[in-house]
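What follows is a pair of complexes built around subunit A, which joins subunit B in one and subunit C in the other.
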Partner chain A sequence: MTAKKYQKVAYYPGCALEGTGHSYNRSTKALGAALGLEIDEVKNWNCCGAMEVKNIDPKLQTYLSSRVMAIAAQEMGYDAVMAPCNGCYHNLKKAEYDLANDEESRQVVDSLSKKAGHGTYKAGEVETIHALDWLKESIGEDGIRERVRNSLKGLKIANYYGCMYTRPRHIFPEKDKGPGSESTSQPHFMDDLLAAAGAEIVDYPLKTACCGGAHSLSDSDISTKLVLNLLRAAEACGADVIATECPTCHSGLEMHQVRAEKRFGIKTTPVILYFTQLLGLALGLNPRDLGVHENISDSLPLLRERGLAV
Partner chain B sequence: MTAAATSARLRPLAEIEARIDVLQAIPGEADAAARELLALGEEILEHWAIGRGLPPTLDKKEGFRVLALHRQGAQGEPSFNACRETVRELVYYYNLVTGDPDHPETAKRLLLASMVLSHLYLFVAGKMQVAGLGEFCCSSRPLRAAGE
Partner chain C sequence: MPIHEKHLIREENLLTHDKLVIEGVDVSGHWSTFIQTRVVSDYNEKMEDEIAALPGGEHINRCWQCGSCTNSCTVNAINPDFNPRYWIYLIRTGMESELLRDKDIIWQCVSCNKCTYACPRDVFPEGVMKATSHWLTLKGHTPKSPLQIFDEEFAGQVFAKGKIEESRLIRRFFARTGQPVVQDWLLSMVKRMIKYLPVKMLIGLGLQTLFHPRARGWARARAAINEYVHEKEAAHRKALGLPADAPEAPDAQQPQPHLDRKALIAALKN
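Moving on, here comes the complex of A and B:
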């Protein structure tokens, strides 16, 4: 039997998955184990450079992301790094693009890598993939369908991808390659996987719209209104659940859902779950093992009602 | 209409927000509501262009001025592409409603169109509040400026 694509990958959780996105970390690992996929955490990983470093010194962000890829490729021998966080995924892809296309970036990365005492990452040594790519390519819809024990049938889901999974387009050369590939304008990998688990996917017009993450500190009301609009639109589409694949979007949706009720007196009904939690539930995993109890959004009453939790 | 005349009739953003709220609650006749929602989208993007010192374009892209205005707004400000699909969704709902105003889902489509428009308003108004906030969005300027 041939090995599945991405059967064994280097795993880069990033800082969010060790904090506010802990349940995403837990559910990703639980799902991988249940599906027989091996993930091996990148040794001594560092911050990807996130938005803070990138806005002050983009080349330093390129270096920070390149170090993660250098360790995965050169010290651990992997050819793929899987990052479930949109911010990390985006930054590693951006670094890859920079190193393939910009001589100055190559020089800065080489100089900083030497100073830090590790090998310099060269573009193409590893492929950075998102958790969605990992599951779509290694297991796929048929693989999910075969393994479903508790169908998500009857659960109406709005899939929310956020803005960094597909933008800017040029750092994702593998996307928009026609049938089978991911789309930057209408992403569908999460739709495909959750539909294979039995869910009813609603047509959600704001699946890649801004969640207001960047406004959170400078103007919380704008963030709350943006999230409220996302929630109300999901509600108008008939969704019971908003599925997420980014810890920043997820925590923003959860926190501003609470804030919208307190600040504006507007209560919205959709619960928010990571797509990895939903797939895990469909596979019959225990909600606790998927970190459902760690979410702010209380989905257990709905999950119990639908027979997905006891 | 000239670009200058277009700018002269612009309502303040707060008035646009209030009008979106009214349309969300009482959309009225389908065809007219869809046209007004699209026109409000243009008006929001005109604010963005004027805020950046540009005369709002009168061009059309794929038959829609709102798409040309978005493209204009993203020039030199690539993080503005974070609302590209939002604008396209607005056009999509406009086409659905005006193409078949008697469709049983027209009321739902108008509601979603108003929510999409609301998102565009919040995104643009948010970016206009704080100078340079756009650089915090999506990804850094140097990369995006070079590639898009």
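Moving on, here comes the complex of A and C:
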């Protein structure tokens, strides 16, 4: 048997997982521990630059992301860094692409790294992967199936991937490579993993639609409208749950579900859970250890009814 | 280049006559609607180069007006006036006054990158939207948009400390845009959060005032970043022909009613 990939990776949680996305952080770590996968937090990491720094200067965002990769590769000696946040994942990928293809970006990063007193990251030193890649490659559907203790059978799930996991295409050269690879138009890694855990995956047309996360606070009405589209489409598909794989999408869905109810009187039924929480439940982990109680969206009544929580 | 999209003819540019006689022929009815004749005399031929000099706008000249960006656009589906293809056309043809009619909505791009995914010419329209809204603010056509204020607060924290602290970010953003921190829907959210974790929540809130996330040994990175930012800002002002000491635009305000004490208690109760 060939050795499975990503048994040991550098872990880059990012700012959101230390704040509003802490239950994603908790459930990712709990999964790693339960599955015997080693994740080693990047030492003294900094913010990847997010969309906000990119808006001010894309090359500064490239520098910030490159510092994280430099630490993972040069100081910690890893060949893969795993980021569960779509924003972090996207930004590290974008920095990787820019450093491989753009001389000016290389110069800016080199000059800033020298002044800041750390090694300059060079394209190719480390591979950036998402938490979905990590679980898909290290454990895979078969591994999940073998380990399921509480099947998610009967739970109808709409998988929501958002924007940053697949767009723009050019920063994800490994996607759209045929069977086995991830698709940028019809992503399926989360579908595959949750289906292996027994869930019924609904055919959700808005997998890669936008939740308006960039404007969660700066233009709340637009975000509320976009989130309502997502929630209502999931309802129309008969989904009990929307599974997420990004802290910004997740908290956007939670916040604007509440806001739609409060400001516009529109109530929607799906509950929102991180895919890592759902996988953890299937593996028989305690909901508390997966941060289910910390979500704003209250999924406990549903999980109790389905025998997935006490 | 003709504009094919009918909805792009603004209502105020359509002239409809109840009764119209032209050269002695009565054309009332079917033939009485015209597009107002306009002579554009205020071309700003520098506009394209200026926007191309700002981050994100670099590749605007590649656009061949296919319209895929507008077709795929998330915000266009909500507001048909949000039209990246049209704005790129106006910028490239120097139609400044026409562009300025939409100046207050260009910042509303949600950066979903559907346009960039669809664009056959690698224009990166999402970047063009950002460059255009920066241009509008730098030129004094608009105040700083709520998005720009958020970006500044966020980036300011990252530059200073290497990490962000969400609660501080939200407080500062609300203060600068003239909004109350205590809003009905935010309260409902807090209520849901404390449903299962009253104690932890309180500890969390207390900790956030004591514990400020930061990367260690960040001082040299901070200095290098600040130096780079100042250089860039000066370069942008120069590219736009602005004096080095051009005043900053004011912050856009989004006033919302404050909840008074009674409303606050009521909101917490139900």
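The working rule: the second predicted complex is superposed on the first by the 306 of 310 C-alpha atoms of A that agree within 3 Å, B and C clash if a C-alpha of one lies under 4 Å from a C-alpha of the other, contacts with A are read in each partner's own complex, and residues count from 1 in each chain.
Rule of thumb we're sticking to: contacts are C-beta pairs under 8 Å (C-beta built on N, C-alpha and C of every residue); 3 or more make two chains touch, one makes a residue touch a chain.
Being a predicted model, the structure only gives us computed values, none of them experimental.
With the C-alpha superposition on subunit A as described, subunit C and subunit B clash in the combined arrangement. By the touch criterion defined above, A:Ala236 lies against subunit B but remains apart from subunit C after alignment on the C-alpha atoms of chain A. When the two complexes are overlaid on their common chain A, residue A:Gly212 makes contact with subunit B and with subunit C alike. When the shared chain is aligned, subunit B and subunit C each come close enough to touch A:Leu226.
Contacts of A:Met51 after superposition on the shared chain: both subunit B and subunit C are touched. Judged by the touch definition given at the top, the superposed model places A:Arg259 against subunit C, while subunit B stays out of reach.
Between subunit B and subunit C, it is C that contacts the larger number of residues in subunit A.
Look at A:Gly117: by the touch rule set out above, it reaches subunit C but stays clear of subunit B.
Of the two partner chains placed by superposition, only subunit C is touched by A:Thr20; subunit B is not. The clash between subunit C and subunit B in the superposition falls on 5-13, which is one of the stretches 5-13, 185-193, 221-229 or 239-247.
On subunit A, the patch touched by subunit B and the patch touched by subunit C overlap at residues 51, 55, 58, 163-164, 167-169, 209-210, 212, 214-215, 218-219, 222, 225-226. Chain contact summary for the complex, subunit A toward subunit B: residues 51, 54-55, 58, 61, 90, 94, 97-98, 163-164, 167-171, 185-186, 205-210, 212, 214-215, 218-219, 222, 225-226, 229-230, 232-233, 236-237. Residues 55-56, 74-75, 78, 108, 110-114, 116-117, 124, 127, 130, 145-152, 154-155, 158, 162-167, 170, 173-174, 177, 184-185, 188-189, 192-193, 195-197, 200, 213, 215-218, 220-221, 223-225, 227-229, 232 of subunit C are the ones that touch subunit A when the two sit in their complex. Looking at the complex, you find that subunit A touches subunit C at residues 15-16, 18-20, 44-47, 49-53, 55-60, 63-64, 67, 108, 111-112, 115-117, 163-164, 166-169, 184, 209-210, 212-215, 217-219, 222, 225-226, 254-255, 258-259, 261-263, 293-294, 296-298, 300. Remark: subunit B residues 78, 81-86, 88-89, 92-93, 108, 111-112, 115-116, 118-119, 122-123, 125-126, 129-130, 133, 135-140, 142-144, 147-148 touch subunit A in the complex.
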